[in-house]
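A, B, C and D are the chain letters, set down in written order, and residue numbers restart from 1 in every chain.
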């Protein structure tokens, strides 16, 4: 695997996916990136020490010119500054971080994304397009802001199965309801989304004995495995989301323990 | 006089005067500025709280479109960020700060600038162009970096009297030597430059009994007269360079007192 | 700015229209110099530190920028209480905002004289005893560093002052809550938490200390988490109102201080980087009350003490 | 990076190739995870805080960004000394950089056991006693808050340890120099000044404390001026080497710490914002020595103490 480093990259494209949600293409200046779906980068679009920390973002795509796509929602200062970047601007990147998803078993790969959590799964979908069968699911809440985002995803991947909690778009229901409907016992599930979604998925894993891999989020200070700020408790003891994850086997995770 | 306020302005032009020295035109978004030579603005070309403080810059020109010119040398982080601004970018300004030079007496106005200290005098020269006789002097050290700057000044004001300490350009000698040569006892002097220059000028004031006004520099936290960080001791007690100055009668200043 | 009744509060019997005050030492005493609108949303402001006799302040560099902060070594430059009362104060009175007299003194006699002069000219105005200035060699910080001296001087002030009595404490002491308790016990109506944090700066181009006094006081957003800690602890220890002062720059900062136990908040260095900072905080706090349906800013005070995180984990992706 | 002999130094009899160390708790213990080049210019690094028994660390949010800083409440998560020695340490040994064992303990017995295990497996390596961790309820900070306990424990360590003994002090104490003097008197070879500064954070979206422990440790550039002050004062008080730790991000910061009295400097949070921070500091410091014609970095230590500003005014416009 490629060793992590800090490097400079150029914004070579910037596209609005929906109000407040952007996809940008970042091209490293010197490096040639080797990355797997589920890996992520720490990014800072400013040279000041304030904000002090990099921000973590999943890779949502990789392009032939060596650039990577990051799809993100503006939620605070860091993402605001990133969204203000214009084409040609330089940003700092740290990565590739984490391990990404393990090699798929080769059967059907069900990719279940909750809202913005779909980002790393878009990369997975694209990455395995020509090698294995994949099925992309997107689940959103009923908040209107997610409607245009869902449409943007559908436009890119028209066969996406879409679920909204209030039925405003796609089928009505949660993504876990949806999974229960479509699952085959040979499937493998990769998921990314809010933790509530993972909790509900725990039951699926019990019932179907399918392998479920989930990509977690934690606040991160370093992203390189040094600070232990991003710990999650697992059956094998505490793990670092940034360096041991962000992808874990769902049943390994001890949600209820500190 | 116009009350000070914080406002946003747009960089509408940016010109390199010499390596590391820039002139930028800043146009306030809403305000119409009323300013006198010697007044200055606090500027920040970043939205972060780091760097924390605004940076003070003299006005070096005022244009019919309502914009002001700032001519500055890159010396640290704040000026670096300002120099990185591209046309169209927004900056924050605070001002107009200070009182500027008093109304000239109407005789010949001798404007003596030491290196970058010429900035406010360029505005004065332009401001009084059609009303009174002015004479612009520029004095620089022998450091090569000042040569292209001097040429840029000469190009703009070809009748500038130029002095360099080692004679590399213009006449050889300090600006104070130069003043001694050309002064007329009816002259009035406005000066801006390093303090060493003012000390030397003290003797001129004694010998010629001319009014000499000087524009001072101090580190500033607020620029609006609140923090007392920019104090200078005068015969009338401590004064604030930002609000009571930056222009003072040379003989009022007590250099040797804390 | 829309005035909002929910923002009004009572400190020690006195009504203020907003919990946001301008801290001592950052605001011009000549109202002719006040930028338009900058006092919107301000409940009152503290004067520059006043002393019995005029003071020219410290020589050398007085302000120095640090990461997200600023250090100062002003040294209490002021015209002396008499000149202040005769000149600046006449102006300030007319400004229509409560003025809090920030006082520094080296001896108990000086304090008594200061209070006497103020009483004669201004009456029972609120005073803030600055027992915490790090930038003067005598008086200042030393009061706060000796709990007995602190008790003595606050007791004396209380006996000789009918107006509101705030005591502004220093973070540079052995036990902060001990000094807060001492101030409370001795009759303070409120404690101001806190003055600047003692720091040092070196000028690398000369490899020399920046300040003639070597040490100086650090303020600004850098110290916010530190002062917030003191506010939390003080609120848990005393019953009198706590007034926060340290690094407050945004309405979120102000809300944090209040939730941690502050009744009111002072805004200082924030004004250096945005002269409308207080006005913006007022808007932000006022919307917070509105959104959360909180009837009065006083109900926000200390609200975080009752609450511990209900999960031991946060869910970062809010679907 | 060009190795520079002038950057080498001796601390308590041990040679290090650079005065720049990586602070405890910010660096992965698995050398397979180290980014290329990131240890260039590093004189050695401190392990994550090690304890006798394994620790899972604190629940809840563990890191939180602040203006120019970061707060942490990790709670000493580590596999315990035995597992560490058997696994990570075998890796680290091969890395070719001195490893300083950062140790936390609740009782004197624990300390003795820790030292015993280390002696058996690693020999007389340098140790850094962490008597200053703000994030654990027992042990940690409490050692530094009680001068007698501190003296007892350092004396005990000294008697039972032949290797280098650093004592890492807490800024959150009554009198910092008193604790530094106590460490010196009890046999410390060097004092590390200092650990993180105690702060609090409130999550405004919930009006709750961010951390389960409410308080957490602040580090990063925000605290630089504060820790620099402690370094200055400690250098003036003790004779043993002072090792600075607090907010050092640039070579100018490192030079300031050294000029104020540090023999060496630890780099912690700076790495969060630039993984090559230490390598860049090395270059910068090395050029400073070159430009000023200073023969050895040791000659820079404390240089600012001899110097007061020669003028009481600065001339800002250098023509």
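Going forward, a contact is a pair of C-beta atoms (placed from the backbone, for glycine too) under 8 Å apart; a residue touches a chain by one contact, two chains touch by 3 or more.
Note that this is a predicted model, so its numbers are computed, not measured.
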{"item": "Touching subunit A and also subunit C, the following chains", "value": "B, D"}
{"item": "Whole-Å separation of chain centres (CA-atom averages), subunit B against subunit C", "value": "36"}
{"item": "Centroid spacing, where centroids are CA-atom means, of subunit A and subunit B in whole angstrom", "value": "53"}
{"item": "Averaged-CA centre spacing for the pair subunit D and subunit C, given as whole angstrom", "value": "33"}
{"item": "Per-residue multi-chain contacts in subunit A, two or more chains", "value": "49-51, 219, 258"}
{"item": "Residues within subunit D bordering two or more other chains", "value": "59-61, 66-69, 212, 220-221, 249, 312-314"}
{"item": "Pairwise touch network: line, ring, star, complete, or other", "value": "complete"}
{"item": "Interface residues, subunit D side, partner subunit A - complex", "value": "25-28, 30, 33-37, 48, 54, 56-70, 72, 74, 77, 79, 212, 220-221, 249, 269, 271-276"}
{"item": "Interfacial residue positions of subunit C with respect to subunit D in the complex", "value": "59-61, 66-69, 71, 174-175, 197-202, 204, 206-210, 212, 214-215, 218, 220-226, 228-229, 231-232, 247, 249, 252, 255-256, 259-260, 292, 300, 303-304, 307-309, 312-314"}
{"item": "List of subunit A residues in touch with subunit C within their complex", "value": "49-50, 114-117, 139-141, 193-197, 217-219, 255, 258"}
{"item": "Subunit B-facing residues of subunit D, complex", "value": "67-68, 221, 312-319"}
{"item": "Contact set on subunit B toward subunit A in their complex", "value": "46, 48-51"}
